[in-house]
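You will see two complexes here that share chain A, one where it goes with chain B and one where it goes with chain C.
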Partner chain A sequence: MWSRVQISSGPFIIKTKMVNKINQVKHNLIPLHEKLSEKDRTALLEKYNIESKELPRISIKDVAIQHLDVKEKDVIKITRKSHTAGTTTFYRGVVND
Partner chain B sequence: MTIDENQYTSKKISSLSFGIMSPKFMKAMASAKVVTPELYDKEGYPVDGGLMDVRLGVIDPGLKCKTCGSKLKECIGHFGYIELARPIIHIKFINVVLDTLRCTCKDCGRILIPKAKITKSVEELERIGKEMGLEERRKHVKKIIASLKTINQCPYCQAKQEKITIEKPTTIMEAEKRLSPVEIRSRLERVPDEDLEVFGINPKASRPEWMVLTVMPIPPVTMRPSITLESGERSEDDLTHKLGDIVRINQRLFENINAGAPEIIIEDLWDLLQYHITTFFDNEVAQLPPARHRSGQPLKTITARIKSKEGRIRHNLAGKRTNFSARTVISPDPKLNINEVGVPRVIAMNITIPERVTEWNMKYLKQFVEKGNKEYPGSNYIVRPDGKRKKITDETKEQLLEEIQPGFIVERHMMDGDIAIFNRQPSLHRMSMMCHKVRVLPGLTLRLNPAVCAPYNADFDGDEMNLHVPQTEEARAEAELLMEVQTQLISPRYGLSIIGCNQDAISGNYLLTKNMELPREEAVDLLASVGITDFTSLTNKKMMTGKEIFSFMLPSSFNFRGNSKSMPEDHKDYEVYIRDGELITGVMDKSNLGEGSGLLLRNIHKQYGREEMVEIIGRIYRLGIEVLMKYGFTVRVSDTDLTTKANEQVEAVIKEAYEKVAEMIQQFKDGTLEILPGRSLHETLELRILEKLNKARNETGQIVAENANQETDTMTMVKSGARGNLLNLAQMSACVGQQAMRGSRIEKGYEGRTLSCFKKDDLGPEAHGFIENGFKKGLKPHEMFFMSMTGRDSMMDTALRTPKSGYLYRRLANAMQDLKIEYDFTVRDASKKIIQFYYGEDGMDVSKSEAGQINVKNIIRNLK
Partner chain C sequence: MTTTKLFNEYKELLPEKVLDDIKKYLPDKCTDAKAKIIFETVYGEYKRSIANPGESVGLISAESIGEPGTQMTLNTFHFAGVAEMNVTTGLPRLIEILDGRKTIKTKMMEVYLKKSHSSGKEVKKIAELLKETTLKEFLKEISINIMNMQMTIELDENKMKSVGLTTNKITKTLSKLVKGFKFKEDKKDPVIIVTPSSKDEALNTIYKLKETIKHVYISGIKGITQVLPVKRGDEHVIVTAGTNLKDLFKHDFVDTERTISNDLYEMESMFGIEVARQIIINEVFKVLDAQGINIDVRHIMLVSDAMTMSGSVLGINRYGIVKEKPSVLARASFETPITHIINASLVGEVDKLNSVIENVMMNQAIPVGTGLPGLITKVK
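Right after this comes the complex of A and B.
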């Protein structure tokens, strides 16, 4: 795919090659990200007796959660491989920074 | 202990606040005004109003302070002050001053934010400070300041704002015109209190105009004592010199102003005063020549006293030295118990332990006093109930002996069985500091059982270690309960015994349990020398096997199944089987007895506990060494001998490899060499050659392994895992192999060749660091040269890597130091933020596991 993009206002036109878009979320090294439902979210916060901001953070701009339609204070559940336990779950609170 | 808190507390600190000193405060805290740079008068007495004024504290013995009336060492000193003729900017606040000037209006002094937004900004700051901590709040303040720099009109009085720049170090310019500190100060004065909060300045504690000094505090003389040289001459501290300069210039400035001198002269003096005051605070300001002694060395002023490794904080506050500690070279002593430390007598006679005299131990303690301080075990001091310390010498001991009564404290020499904390740096572990029982020994080195080398990471090539002796009953109890070697047997890193057998202890037990058989008398002799005295369970056989003797080390109810990695899998001794404390099959090698390997030791610990475990390891260790002592163990050069046939085989392998390589080079030159994907032709050749030569070396290793005499002691060491491996052996007897630098053959050297003894562009093995000889046969000159190249390279590599990885570790340890596992298995930091939701992702305490796992089968078997 070729597209002509004018980058400078000068006499030069710089041609850039567009790479076929890679779906990063499906990449082997990106673990599964899911949005917790409101019910699960409150249950989680209650279980650990914390507020949303005490969770580890994840940026709202993070590539791995773009497809999830998240807003601030949502909780993302991450399921990843673990050396010690096979698979493990981890939670992050969405922040806007 | 129950101490009534209110009984001893007369005042309690409820809060501390930090701020900048105001001129008013400086004057109020000062006890003298300094007006003259002179120090002493003709009689050598401090001048009133001088820098060594007697009101500023005492540094001479016998004198009394004029301010507080206390003597030397009691008076902590008192500040004075000088009135500066013109204001001077404090160098340490120059950036704050600059930011404040840039962010406020030059006319009305208001911050360059419209009124409506100010409260919002302050609230935002408060919120960030509360939620994310001070660090984030400071970052936010910086952001605000940066955003205000570009505004060029005051939202309040509409005055146009000029661009303010700084000419380092202390000159501030506004649109090409210099701003004098007087002007700066008056501008800062105009900034209202409520605007300051946006800068993160608390106006109650620090007004910005206080950063421009009009009055300067003179530190007390106790902070800058003068020293008297042998010649009777007085030498003043660096700070006093600097203060002298300041006062002198300040006086000149006063006089010139009063006399109405021309503006140029006044400004020159003013700049000079600025220089002196700047270097008084910091003599290492960039763009400013440091103030020097006449000899040329820079003065050490206030900043130099505080910062850097030799400064007050890292040297004196963080790096305190301790009493009752010792440090010397260490050496091994397998006859010591694992939880003992051998202490040289000279140290034992120097480090004392206080014991309080009661009517019950009076007689016992008097013995130490009787012996005096020169005879062991004696005592060095007696402390009377009123706190007076009396040294015990041959002259005073009779008198002290009569004086002694309950309530006194006798500081007796260190003795066998006392508690001491033993440590080797770097202390990366909790096992790097363990508590040992003292054994006083002749000699001058600290002794330890070689089995505890592993947790300390110690060897005996000149290592030194530290010994600390706790001085109170509480400290001793705590050290013994929490830090004794027994409590540290299982490593929290991998859940196996970190203390086990090594070196001779492994090869000894290996030989014993493999196929040794000895007469009953010798067996008894062996066991007795290990420390076993009860032979009732010894069978009445004439000959005893090594396995039977080894079984004596084990508890009689012990059951275990495991593997000996040193035996081939089809051998009957591959499986270690211990039934009711009897070793039935299997040999003891590194995989069973070694440090941090195998479950044998771990299971003993689990079933019989720590006390028993140290006993057992100690016994096994000594047994191994005794076996070698009795039956001999020698590494000979002839152990590396090969048969003629084997030697021929080795030569053939190398010759064949050489031919293959030559063939490849020919293909390379003809261009018929098959190129590997992603490589150039030359890279392909290099890789192929390297591969071929390494294969050849491995083949020679194989030949050595097959042909070497299996019964030699060298092979015993290799097979039992005590020391060395097959590669080492092959390098000695057959071929050292290819020397590699950065993953490829040696390329460095002259143009087109590595050494001048080769032809240019020679691609052959010899010319690029292949060593075809073994160490025993000897290396050719060029081979030796290549060897020293890689040797030097790897030495440099380790020398450079050690501090790097050490620092990496340190940062990691500091980042994680306050993490804690909570009761809900989450890992949280000090502010209770979650770091991990389930500790280690499996919630397992490794130190309670076996190699990170829980052996359910074993638990069930033991339930029955």
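Right after this comes the complex of A and C.
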């Protein structure tokens, strides 16, 4: 996912993200992960009167969200299959740790 | 029928599963008026069964899992359906999962195969291919010739054929992995001749090699000690003892979308936190179900949600979710209070007394149930 690009003028190594190369991990147990748009995100946080760090967390390195091109403080909407309710939605805030 | 109109009306109000159930059990000749009564009753019942705001659901979960847990038979190591495979079940397994142990007693995988391979003919062959094999398994005899400082390894041809190996391949892997010796393959028989690479090697080293070479890894997937083809429905599944998803997925006959392991951390690193959550639910439910204990899944779901809140799997102990609590007093009230209080005082932590246990200590109303909402008035 990371590729190293050497800049000729100096000894700096810059990490660039190669979005196209990321393959989505597939498994029956992985529920649908979606990144909330900025508008939906603020609406959600306003509805529950919270900050994104108060949501349940998901690591930025989590395999299931690599294809979404996420950054810190994004909110991931997860649509789970549930035994009891059919489908349920769940939100996780992206953290970098 | 106009019942579809009713369904649309209640689509937002009732969960999907309940609507499906109504659809399933609603009689064909149901009149609209009667259907409406049914919907209203269901909705009323649903509303009544929702947990109230401020309900201490965690406490109820703890009691609901704890009480039947006392009735579980201790230390049951029983065979999972088929003989030979030993599986940790019962209380030890339950503790293992909920503690979030990094190393579990019996690691297992359920390897699903792609449709073209799961018919049954090849399953045994594939299973053999997965198993980690050492040289010991292909041996017929090892003999040492003291005069020539030579060791001859005689191999079993049938066993090599079953996993598609040749004497040549084994010779190559041996010379790659074992240093200080030369390996030469006999042209006619499945025999490998071993000589020390330097002449002043003592006879002692050859004797030592005779024992150690038996445990040299030859083929298969590292970590898989046992394989067991099992029929499930109309397809064949391979149950393995030991896990190694990463190496397993290099084989193209494996259905990577269904294959699972019972190791939480391995599943988390391969598929993410949401899958780890589901695996916790499934594994706990499997243990309880095998003991004939009925616990509502919602309790288990709450536990696994709590374990995966932080984005990685945490056990329910002082190194796991208790450590994540924001309040000093809440942490101190669990285990090792003095360390927590000392550490908190060193960095000047503030306790906002937002949660239950701190307020119990302070002899104040706890924010649970009717204690949760506060009154707000307009001051003139």
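Keep this in mind: the second predicted complex is superposed on the first by the 73 of 97 C-alpha atoms of A that agree within 3 Å, B and C clash if a C-alpha of one lies under 4 Å from a C-alpha of the other, contacts with A are read in each partner's own complex, and residues count from 1 in each chain.
Quick note on the criterion: contacts are C-beta pairs under 8 Å (C-beta built on N, C-alpha and C of every residue); 3 or more make two chains touch, one makes a residue touch a chain.
Since this is a predicted model, take the numbers as computed values, not measurements.
By the document's definition of touching, both partners, chain B and chain C, reach A:82. With both complexes placed on chain A, chain A has more residues touched by C than by the other of chain B and chain C.
In the superposed model, A:91 lies in contact with chain B only, and not with chain C. Applying the stated contact rule after C-alpha superposition, one finds that A:62 touches chain C and leaves chain B untouched. In the overlay built on the shared chain, the residue A:50 is in contact with chain B alone; chain C does not reach it.
The intersection of chain A residues touching chain B with those touching chain C, taken from the two complexes, comprises 56, 82-85, 88. Against chain A, the residues of chain B that register as touching in their complex are 131, 824, 826, 832-835, 837-838, 840-842, 844, 852. Partner chain C is touched in their complex by these residues of chain A: 25-31, 33, 56-59, 62-65, 78, 80, 82-88, 92, 95, 97. By the touch rule above, chain C contacts chain A in their complex via residues 15-20, 256-258, 260, 269-275, 278-279, 297-298, 301, 305, 308-312.
Against chain B, the residues of chain A that register as touching in their complex are 47-48, 50, 53-56, 82-85, 88-91.
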